[in-house]
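Structure record follows, encoded as structure tokens.
Chains: A, B, C and D, in written order; residue numbering restarts at 1 for each.
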Amino acid sequence: MEKKFLWVGTAILALVIFATAATIFYLRSNRAFNGSVINPPSPAADFTLTNQSGQPVKLSDYRGKYILLFFGYTHCINECPATMAILMKTRLLLGDRAGDVQVLFVATDPAGDTPQAVGEFLARFDPTFMGATGTLAELQPVWASYGVTVEDGGETHSSYVYLIDPAGNLRLTYPYPSTPEQIAADLQLLFRRK
Amino acid sequence: MRKFFSLGLVRGLIWQVIGTAFGIGLVTGVRALMRLPAWKAEPAVVVGALFGALFFLYGVGVLDDWLKWANGEETSDEEVDETGLGRRRYFGASQDHKVIGIQYLTLALILFTVGGTFALIFRTELVKPGMQFLTPLEYNTLMSLHGIVMIVGILIGISAFMNYTVPLLIGARDMAFPRLNAFSFWIAVPAGIILLSSLFLGGFDTGWTGYPPLSVRAPLGMQMFFLGVSLSSFSSILSALNILATVIRLRAKGMTPFRLPIFVWAAIATSIISLTATQLIGLAFQMVMLERLLGMGFFDPVKGGNPVLFEHLFWFYSHPAVYVFVLPGLGVISELLPVFVRKPLYGYKWVAMSSLGIALTGFLVWGHHMFASGMAEYLREPFMYSTLLVAVPTGVKFFSWVATIWKGKISFPTPMLFVLGGIVVFLLGGLSGPPNATVSTDLLLNNTYYIVGHFHDTLFGGYVFPFFASIYYWWPKMTGKRLNEKLGKLHFWLMGPGMLILTLAMMRVGLLGMRRRVADYDPALGFQSYHIAMTLSGYLVALSILIFFINVFLTMKRGEVALGNVWGSRSPEWQVASPMPVHNYDKPVVVVGEPYDYGLPGSRYVKFEGED
Amino acid sequence: MTQRKALLTRFLIGISIGLLIAIPLSELAFYFQGNNTSRPPKTITIDIPAGTAQKVSQGQSVLPQDLTFVVGDILVVNNHDSIAHTLGPLFIPPNASARMALDHLGGFSFVCSFQPTRYQGLDVQEALTTATRIEGIVIAGIPLGILLALYSLILRPLKFGKNTPPPGTA
Amino acid sequence: MVESKSISKTGTPPTLRLGFLVFVVLAVLTAVEFAFALYFNIWFLLALMAILKGGLVMYYYMHIYKLFEAEKDENRESFAYKLATNRLGLWFFMLSDGFIFGGLFISRFNLLGLTRPDVNQLLGVTVTSVLLVSSFFANRAEVSMEHGNRNQAIASLVVTITLGVLFLVGVLGVEWRIAPFGPGDGVQGAIFYSMTGFHAFHVLTGVIFLSIVIRNLVRGRYSAEKHWGVEAAVVYWHFIDFVWIFFYPALYLIGTLPH
């Protein structure tokens, strides 16, 4: 009976190993992005705005980095802080590769989102987060070029996170709510693809 | 007086009262300790009823031997203590399968009378449109209780058949697990009490199916319904287990599978279903109980639950359950028919396999109860196929019966009348079935009186008639006296036509658009006359049952003594004296021939060891 | 071959035959049942033609108001217009496409930039997938198979080894 | 190790070493299962693991094969014959009981699909291994009883019961307290509490059953030839473990957290 069992045991372990290998291969071969893919990658409209410390900030400053772009307003109570938290977690999940990712927050309420307001808002999450605000005149074209419809008070209807690759192309967008795991997984995939 | 209190039943009832009080006290105490408002009716009553049932089992004494074992004491493997013979043993925990069978029979008859009375009451209410003497809730409660009490009664009646006859038919000394056998009977008693108690605890208005969400909102009686059915489900599960083990392990020498009496095949098929599927109705009901007690949202869409899940769990048992109801009856028909036509049963093997076939096929056809309840639209066709498929083995049985009767030397004593009646009525029920199985017609007939008529035809033909047939047939074996033929025939000739009118009228009003389970109907629909006819024929059936009881009573008093092989049967239990000896067969039975070779000269089914 | 093994093989054979017979039956039903959800999930493309923005601003709708999908569909939106468009969770830059997986049941009304009403209705229904069809085949096939196996026991009784006598033969 | 002569009709009784080997494989499989759940959470891998473990337990610990070697002896009153009948009864009971758990299992997938309740992973894997180890000792008890080694049997049963109680504490005492939802909070609460509750009830009965057996074992009611009580209790215990083998992935591993 023991002899027989040795065969059984070996067979089981072999099966398990095979299953593991097969799965890994399967997962390697067809990994899909979690976010909605923009195909072909189209150049993200560049803009110049003011960051929380009053300096001018350009989107193109961050060429060579992955940019997570989000449109929101500082006195927003649910989606904007929630998304910021998600992005913070995402960077944590990325570990040492977090340095390659820059989060950029574009204001949608010129009245309320003064540079220091943006600064305080972002400081609640992650010092590396970069804010970008300006006058209504400055902001409106930016909103337009990213298809953000802003109602008075900064309320937006389309709260996505835009993922822009080092070449400055829009690659993916994430609807609200997406989990940090999903975004991080996509970034990992992009890292590996390079 | 002391003798009275020493009866197991009495002690059990006393303990049940104590247990109920204990349970209620327990819940109230715990709630008080938890700083909650001490008195909350629902949990208190449910837990009380549960403890009541457990204490009953202790009080009646079915747990004694197990407690002794747990205590490391030996108990005698003697199923029957010779001392406690006589009437008294029927009121206590006996391990003799014959006693238990008769106990089951009594309980079944009691439940029938109760359920029938409910039916008569609301049937009377339906004579005229509008509400006469019942409130809608009372009507619904009576209607629902009629359904479930009858169903529990049928399950118990089946255990009665199987417990009494199976060990005799296979030449065994007793069941495989006599103590378990006693347990499974006695748990049915508190279950029945709890079930009926719902009448006094607000009743319930869901019909016997108890679908949520309605059953989540129903009065407290609902819980008693769920609890009662769950408990009685243990009864049928355990007795099914016992039957299967008995048939597999304790068959007489030489009784190969294809020499089993046909009724035993039916018992096997039935037991396979009750052993397995019954758990799911218990589970479904317990889930609703939990939803009511703890707010668990299994079937509450607001909490993400899914009411249709209940229907799946429920019908996965409750459709096969229909076969549980009829298979033993059909078995009885096939068992008795050859005796009274003095001819071999035609196509024995096919009938045997058909019983199994109906049982096993029945597992995968539950979906046809839910054509109208939002299941995956396309799956209705496959379910339709498999449902119609069940008609095949049933047809095989009919063919066998007809071919058996063909050119037989037919005699018409009461059991035979009931057998023939059963065949005719079940044919009606069977033929009215396919319209409910095919999707297109079912969507029309669903939830009408047509279904009610179909269902009552199947159950009368498949259960009630064979049930009485076997009572008349095995009564001499049980008591050594024979039931009066004249009264028996009268019983049949009242019941047969009565219920035919009843069910045909039901189907008719169903087609005319009478919904089932409604307390009232629109006079403009113009089927009041049918309702009057139904009620009258209902009373006719009731009268016939009354005559049956009178017959039993008179026979007890001064009945024709019948000790021998009254019907000239070949099966082993008739080869020994009636009433059956305590230890069934003092010499082991040996099977030497085919079971149903009636009329073949010199052929023999059984002999006793030591005989030539 | 022991009695148990023989019985087991007999039932396996019976059930597989039953399934084989059930396939045409079930598929026939499927053929007649067919409606717009009776298809496996697939990729569906919407094209936003050039000049949509102007038309929409003039209040005329370019695309149908409501679209029907089944669970698991992939919706791909091609934007041939000169400006970026949005559809609910999607952002589509000019001359690019965006995709989303519709894996939740229900009727959705997404904010979008290419309808005069600013809303696009998406009706996502339960797909009648291959899985459902296989389920159907099983439901119809296994009972049939069991019946065949049972009756075959009569027509061709089991063969056993020497030691166990075949049941049912006198 | 005692290599005694053939006792039961089922050839020489399995050795303690076999039980240990089976346990090792089960432990490895459990570890692999947990790793699978962590790294690539694919339901059919977890299902495969569960089926493999279940098969091993059912064959080597519950020795289902003894059912089919039923005693064909003519003497219906002999112990061996009754033993075979009792085995049959026990297995029928477990089959029937299995349908309850099966129903709960199906309900879980019907209601939660591929999402899982938000419960403590560490605790989950802990109680699972506790139950697995207890299962090993239960088997050890039965085997040593078959070899007539009573004291070892008692010792092993004591360990089994202790671990069983630990399992109960882990599930009822800890998990039920720290779970972020109550029985009334949404369908995941309902499923989690009912599944663990039904299972815990069976564990409780198993513990009681085992303690009764120990009591009688100490009083010397069982012998190497006649110890149906021990066998029944142990097989029932393995059945409880068998159920948990399927409940653990269903409750803790399969699927993602709802967000």
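One rule holds in what follows: contacts are C-beta pairs under 8 Å (C-beta built on N, C-alpha and C of every residue); 3 or more make two chains touch, one makes a residue touch a chain.
The structure displayed is predicted, hence computed values, not measured ones.
Participant: With centres defined as the mean C-alpha position, give me the chain B-chain C separation in Å.
Facilitator: One centre to the other, that is 42 Å.
Participant: Can you give the whole-Å distance between the Cα centres of chain B and chain D?
Facilitator: Roughly 35 Å separates the two chain centres.
Participant: Roughly how far is chain A from chain B, centre to centre by C-alpha average, rounded to an integer in Å?
Facilitator: Centres of chain A and chain B (C-alpha means) sit 65 Å apart.
Participant: As a quick test, compute the distance in whole Å between the mean CA positions of chain A and chain D.
Facilitator: Spacing between the chain centres: roughly 46 Å.
Participant: Mind pulling the chain B residues that touch 2 or more other chains?
Facilitator: Where chain B is concerned, no single residue meets two or more other chains.
Participant: Where in chain C do residues touch two or more other chains at once?
Facilitator: Counting only residues that touch two or more other chains, chain C contributes none.
Participant: Could you tell me which residues belong to chain A and also touch two or more other chains?
Facilitator: none
Participant: Building nodes from the protein chains and edges from chain pairs that touch, which of line, ring, star, complete or other describes the result?
Facilitator: Here the contact pattern is a ring, one closed loop where every chain has two partners.
Participant: Who touches whom among the chains?
Facilitator: Chain pairs that touch: A-C, A-D, B-C, B-D.
Participant: Could you list, by residue number, the parts of chain C that touch chain B in their complex?
Facilitator: Within the complex, chain C touches chain B at residues 22, 25-26, 29-30, 33, 38, 126, 128, 132-133, 135-137, 139-140, 142-144, 146-147, 150-151, 153-154, 165, 167-170.
Participant: Flag every residue of chain D that touches chain B in the complex, lowest number first.
Facilitator: 70, 74, 76, 81, 84-85, 88-89, 92-93, 95-97, 99-100, 103-104, 107, 110-111, 183-191, 193-194, 212, 215-216, 219, 221, 229
Participant: Mind pulling up the chain A residues that touch chain D in the complex?
Facilitator: It comes out as residues 1-2, 5-6, 8-9, 12-13, 15-16, 19-20, 23-24, 27, 177, 179.
Participant: Flag every residue of chain A that touches chain C in the complex, lowest number first.
Facilitator: 36-42, 44, 144-147, 149, 157-158, 160, 162, 170, 173-176
Participant: Which stretch or stretches of chain D touch chain A in the complex?
Facilitator: Per the stated touch rule, the residues are 11-12, 14-15, 17-18, 21-22, 25, 28-29, 32, 36, 40, 42, 45, 48-49, 52, 56, 60, 259.
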